[in-house]
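Chain lettering (A, B, C, D and E) follows the sequence in which the chains are written, and residue indices restart at 1 in each chain.
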Amino acid sequence: MTLLQIRGLTKDFPVGTVFSRRRVRAVNGVDLDLAPGRVTALVGESGSGKSTLARCLARLERPTSGQILLDGEDVLRTERRRASRTYRGKVQMVFQDPFGSLNPVHRVEHFLTRALVLHGHPADRGRLTALMEEVGLAQDMLDSHPHELSGGQRQRVAIARALAVGPDVLLADEPTSMLDVSVRVGVLNLMRRLRDERGLSMLYITHDLGSARYLADTTAVMFAGELVEGGDALAVMDAPAHPYTRLLLSAVPDPARRTGYDKAERAGLRAAVLNPESCPYDDGTCNTTTPVRHTVGEDGGQPHWVRCHLYAPAHEIAHRVLQPADDASPEAENTAA
Amino acid sequence: AGAGDTSGNQLLTIPREDMGTFTRNFNPFSPKAAPMTKEAVYEPLMVHNPADGKDTPWLATAWTQAPDGKSVTFTLREGVKWSDGKPFAAEDVVHTFELQKKLLGGFEYLDEVTADSPQKVTFHFNKPFSPSLYEIGGHYIVPKHIWSKIADPAKDTNATPVGTGPYTQVEHFQSQSYELRKNPSYWQPAKQRIAGIRLLAFSGNDSANLAFTNGEVDWTQAFIPDIQKSFVAKNPKTNHYWFPTTGAMINWQLNTAKAPFDDPALRKALSRAVDRAKIAKVAMNGYSVPADCTGLSNAYDTWRDKTVAASCDWTTHDSKAAAQALDAAGYKLGAGGRRTQKNGKPLTLDISVGSASSDWISVANIIKQNLAEVGVTATVKSPDWSAVVSSYETGTFDSGIVWSNNGATPYEFYRGAMATTQVKPVGEKATENYHRFGDPKADRLIDAFAATTDPKTQQARAGELQKLFAADAPVVPLFPGPEWGAYTDARFTGWPTKDDPYATLSNRSVTTVLVLTSLRPVKG
Amino acid sequence: MRLVLRNLGFYLIAFWASVTLNFLLPRFMPGDPVSRMFAQAQGTMQPDQIAQLQKLFGLDDRPLWRQYVDYLHSVATGDLGISISRFPTPVSEVIGSQIGWTLLLGLTALLVAALVGNLLGVLAAWRRGGILDSALPPLLIFVGSFPYFWLAMGALYLFGVTLGWFPLRHAYDVGLEPAFDAAFLGNVATHLVLPALTIVLVSIGGWMLGMRNTMIATAAEDYVTMAEAKGLSPARIMFRYAARNALLPSVTNFGMALGFMVGGALLTEVVFAYPGIGYQLLASVQALDYPLMQGIFLTITAAVLLANFVVDLIHVRLDPRVRVR
Amino acid sequence: MPHDTPPRPQGTARPARQGLGRRLLADRKARAGLLLLAVFALLGTLAPVLAPGDPSLITDLGATPPSAGHWLGTTAKGQDVLALTLWGTRSSMLVGFTVGIAATLVALLVGLASAYLGKLVDDLLTLVTNVFLLLPGLPLLVILAAFLPPGTTTVVLVLTVTGWAGSARVLRAQATSIRGKDFVAAAVVTGERPLRIMFREILPNMASVVMTTLLGCVIFGIGAQAGLEFLGLGDASVVSWGTNLYWAGNDGALMTGAWWAFVPSGLCIALVAFALALVNYAVDEITNPRLRARRKGKK
Amino acid sequence: MNVLDVQGLRVEYRGDGRSVVGADDVSFTIGAGEIFGLAGESGCGKSTVANAVMRLLKPPAEITAGSVTFRGRDVLAMDARELRAFRWREIAMVFQSAMNSLNPVLTVGEQIGDIFTTHEKLKKRAARDRSAALLDLVGISPDRLKAYPHQLSGGMRQRVVIAMTVALKPALLIMDEPTTALDVVVQQEIMAQIRELQQAFGFSVLFITHDMSLMVELSDRMGVMYGGRLVELADAKELFARPLHPYTEALMNAFPPLTGPRRELTGLFDAPRTADSCGFHVRCPDDRADCSTNIPDLRQVAPGRWAALTGGTPA
């Protein structure tokens, strides 16, 4: 059963002054389902809108349009101004930076107690201890201030705070990227355990594809505010369909893979992704029509879909060969900046 | 022409401590005309000197008051010329008073001014009014041939004035200084012994006094604290001051429209508690003297009835007697040594005084201390003068330190203190007699005073008024205001002094012209 | 450019707000200038002249909104009315004859304080632990703790009266004709020394500390370390890399300081009898001369707003980052 | 970019978050400043004991230089300068601290509201703040003081009105930056209410800035009160350092050489302001360790 | 001959009365044309070593022991003048964050030009031409010389900095996490750029990162630091294939692979290291008992392979 359904979610940010309101579309028409007991990884490069999406779901930003359905109910319509306690009780978030997400003036106990009390749970010592145990922390840390903890421990406290509420959905925005390399796996393992033990539904946002592959059941790839590919985590990683996904994958350093780095190939991918006009796969269609989802396979009971004209049924996939564009230059990055 | 200049051409340097900067406005009708406009540029018909009570004919050589007191005729001096060379004549006087009434009002008693001949002007009144002589005689006169052509005389700045005075030519006008040079066609050229006058602007007493004690200016009218030490002691040979107490009487006024201050016994008892000697010595730096119960300033010494002054004791400081008087009048000591009113309420009062008058605040503070000695609690309130005056005008105050009217005769003083005609009900705006005291007996005496031109009769009426004042105690007189004035004779000599009081040492009054025409530069 | 327009918009609104404030304030004040004048004349003015004077000064009893509209209109047309305490001189004339001196005093003091203070701050931060860094700040803080006027009076009596090194008052010697020659300008300069010095003394500590603190922060920036790694000379690193950046907050402060400067100048002008509008403002307040008071207030506000606008422009010039934003 | 630093042996990785107060007491400058303030507070409190009676009692002693009977001499009105100075401490410190606290409170409310509510409220409050900030302070002060009836309340009111804006700007900036921190978002997600977030999450993190602005406001309050009163715009019947100087000026203390009437109050103002500034300096150093004085000499 | 020879380097950060050891007994060499990597978690002392080599450490940091020899010259003995001439001409450095290592108020051209006007006493024009050529080298259009740093993307900024480092053709380039702040996609391009330049100019590189995969891809030889000390030093590929120290292994585990089966990785238990314990008595996986309470000294365990292990030869 799907718990949180996102339909056509769009978020614009106003930029500029009162006199010249321009808008930047950070998230554009995202459809995504978060199912219980599953981890959905959201990957994409910096600025692709991942955090914005998460913040919309956490109701920290108000989406410009679209729907967020919690158990089938469009919460954006029923709770216009602010998210209700009920919503907050079901959807919780873990932030990227555990240094920033724990108020330095409070003790660990405070974070957990507030979360419990606000959602009508008794905040007795036993409950606090249980929570600490669940995230793998010693209970004597309850009296510590955040600065006395290591990054990994802090992130565990942040997770415990989210858990205290008793949520069904956990949004985790790059929960390990600020952590020290040596403790990342520990936090990933914790999340994995929570999914298995609590049956939590999780949105795991990252640009570390390796960890997405490690943790997630489902993977969605985000590019420029839109989801471009999705499906079973392994399927997406092992057989990326969208050029952007391939670009991302090729960028990950992986000594084990040893495929080497083909500059020309990557330049082609980049050009394709960043500059639709020079898309080698399509004759300008990309520029004029919005691509729709095409299913390219089925893995682990989920469809593997991609949004790229390349996979439109009318086309013969076999005819298209991945070819670098001649004029592709690294300069393309510049136009994106 | 700096300090120590004795070339003979040195300028008489006068500081204005109350003007940080000058604006070139020599319009005498403007309340804010540049200094010396009415003193050195324009001249009056006669000069009354409060220091010795004498009158000096000036633009008029003589005057006669009609016996019924309903008119006065001035005979103008011949040969007087305006500084542009045009002759001075009766029509100038007529025009001046027309302008004055139109622009600034006042002179309600004046019906008409007529030029009987080029040298004779008669002022006709709508009632017998002898005190008018000084008001009219002391008024500056402007040339008709200039002022009749000015479109808006009220707002004209008259940048290049034409007058009959000794120093009319404006030179080097700058925002902090300017010079007045000799009038080329002055009617008594022999008396233009000084080369000119220089005015300096100062942002306050402090900076002006600094310049003065440093010997950079000749003649100041600013208040100088401890003048003996800070000025005279620096050079006793040349540095002098003379503060005749001929200014307006400064009173402590109790609002007689308010109980219990309507009780003369209370007023007198409170007055007895006040240590005027200390006020004069400490608050007024020893520059004034205690008042007596005639209420008259030293400008009216010739009018004063010594027997009246000696007959009463309510202006002599005696705390014990004051306490007894209070007891006797029914203001008994209550709990904590505080006196109560007859109705049992505590006897407390506010003393209002404008914040700008720091010396008067000290006066109020001493009164407060004195009252505390007899069990009366006073609070000194010192908001801005505008707020104080507005409470005076509407009669909402308890008590306050206030000036009094100061004319050439005691007439104005007593009318302002006791005439019922000047009393306005509480809430209505009064411009004098803020203390709202009126005595019909006083009305009769005042009218009688104005109706006669005979000095003897006037003296008699004044005596009766003094008696009445001593009996009524409409206000509590404190001390006569000193006319500040200090000078150095390093560069100029011929100053008025206590021994030769031909004028006061004021450089902004009608007698100033007397000084200007008496001074001689020190040469060599 | 957009930024500039936006700021301009803000400054206009701010100006309007202060104009309105300015309009309202005197109207809540008890008393009027004529009774005030009367009180100060203390018996030498005839009571019966009051009504006439009130008419003369144009104190009116029209409805408030009407007055407001007229007021806005006259402000817009630059007509500030006629001064009461200087009747009948127009307010604009009174201000015009004095604002130059205030600007001279204020700007000189501000520039000297800011320049020297910032320079000291740069040097102190650059030589951490040196004399400049350890001994000077507490000393300057101490000096800066004295009230303006107290220091001014102290300096006046010490250097002016007792030692006689500097003139005691005014912007130039009496008797001098203003001219653009060495003699006159030199005279003006000697008159400027003491008043400006006291303002500088009081305010220099703030500049120095502010600069020192930002410099210390800036010196730890990567680009400064990088400049060092590049082997650049210390002077180039200090000024071109560190100070150039640390200066930016100072520039903003400069605009703000203009307002304070006028305030500081007020007391100093009073002590030194300097013919500026600070003193004039005090005088107009004491005389309840609303038109002049309002005129001066508006002029100061406009000047400060204008200065801040200019500072904004300078800031845009100095900091390329705000140009596009 | 990872900046996770497990606590090092001596735990210098992050400054230990002891109470600001405790760390202030450990700082030499702050101790000196606080001691000085305490001395003044004590003198002010003990004024009725040390100099019993009405300090402004006018006697006909005249201005006398310091002597055994009057340690700091007497004013031209024969008042004991020491008594005036002692009693002046009360009003000056009271006004200074009241103004400081009031202005900081206003600034804090404006800053917090501006930062938390954002958008239109922020724009509006920022405009108001900037208007007050750009309005020339002392002139406004002079005008306001002249418009209102004199008294300590007016002085406090006027100084608060003119003094809050600068702090509001600083506090708003600080609050806005904290508002953007993830822990505020985390509190929102946990379900905390706005008021609680403003006062329990944001405010405690601003302690040092609030402290700095508070001290700044107090310094402003004391100095501006003195300036106002010196100009004669305060209440001349209150005994404070400012009015002492006003009377000294009126009595021509400097011209008559009565420096003792003029020096003590000015020095007291400077000392209190200096003490406050020292504490401020220390707060800066504590919250920004980089500013701390470098000890010379290697060892 | 070795370009750089660091022996027994010890750096302390002296605070109020207490001091923190930033680097301790660090010894390594870098040969000509060699890419040497330093890996390790945050705070392990990588930047400290890099800054020590450049003599960029400022108080409270202090080099208390060891030597740094660059092409036979004692770097630690240089005076200020020598140092200025030495920096950038001999060793250039790319800092941790590209965002902050360019002065925001100077144009890119001015900042590159500074190098030439200082070291080669070039006139402004000549410096500009040289700067333009440099930009061209890293594939940025020379008209970007007039741009301010904020007008460039992160990747471009980092490339500008890299271009600057090769301006004077130094023998050694220090790169302190040159790509950490960048996006993965951009990161690869920067790495390619570095490789390309290295092939063209033949300089040696001291490459610092915490990303083991990245390091192994690029470096010839590498060292792993932990708590200020080197715990392993070996040929990059060898080290990747067969980590000896448990910490090295933990580091490698931190990046789940993109290929192969999904297998459960064991993270390190994050317990703090205390004054007298290396922390690995907890961090050590149970089957490894080869680390004591203190980080042991490096020991050659095989030719060219060094590890800080007390006993037992690794399996």
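Note that in this section a residue touches a chain if its C-beta (ideal position, glycine included) is under 8 Å from a C-beta of that chain, and two chains touch if they have at least 3 such contacts.
Remember, it's a predicted structure, so these values are computed and weren't measured experimentally.
J.: Give me the set of chains touching chain B intersected with the set touching chain C.
T.: D
J.: Centre to centre, using CA atoms, which chain is the farthest one from chain A?
T.: Here the answer is chain B, farthest from chain A.
J.: Could you compare the number of C-beta pairs in contact for C-E with that for C-D and name the larger?
T.: Higher C-beta contact count between the two pairs: C-D.
J.: Using CA atom averages as chain centres, what separation in Å is found between chain A and chain B?
T.: 89
J.: Please work out the Cα centroid separation of chain C and chain D, and write it as a whole number of Å.
T.: About 22 Å separates the centre of chain C from that of chain D.
J.: Take the average of all CA coordinates in chain A, do the same for chain E, and state the distance between these two points in whole angstrom.
T.: 31
J.: Distance between chain B and chain E based on Cα centroids, please, to the nearest Å.
T.: 91
J.: Mind pulling the chain B residues that touch 2 or more other chains?
T.: 206, 210, 356, 384, 387, in rising order.
J.: On chain C, where are the residues touching two or more other chains?
T.: 29, 128, 270, 286, 288
J.: Which chain D residues reach two or more other chains?
T.: Where chain D meets two or more other chains at a single residue, that happens at 1-7, 146, 233, 249, 254, 294.
J.: Which chain D residues qualify as touching chain A in the complex?
T.: These residues of chain D touch chain A: 1-7, 14, 16-17, 181-183, 185-192, 201, 204-205.
J.: With touch defined as at the start, can you tell me which chain B residues reach chain D in the complex?
T.: Residues of chain B touching chain D: 205-206, 209-210, 213, 224-226, 229-230, 278, 281-283, 285, 355-356, 358-359, 361-362, 365-366, 369, 380-384, 387.
J.: Under the touch definition given earlier, write down the residues of chain C that touch chain B in their complex.
T.: The contact residues of chain C facing chain B are 29-33, 35-40, 42-44, 46-53, 56, 82-89, 93-94, 97-98, 156, 161, 168-171, 174-175, 177-178, 269-275, 279-280, 283, 286, 288.
J.: Over in the complex, which chain C residues touch chain D? Could you list them?
T.: 10, 13-14, 17-18, 21, 25-26, 28-29, 128-129, 133-134, 137-138, 141-142, 144-150, 153-154, 157, 209, 213, 216-217, 220, 256, 259-260, 262-264, 266-267, 270, 278, 281-282, 285-286, 288, 293, 296-297, 300-301, 304-305, 308
J.: Please output the residues of chain D touching chain C within their complex, sorted ascending.
T.: So the residues of chain D touching chain C come out as 29, 127-128, 130-131, 133-144, 146-147, 166, 219, 223, 226-227, 230-231, 233, 245, 249, 254, 262, 266, 269-274, 277-278, 281, 284, 288, 290-291, 293-296.
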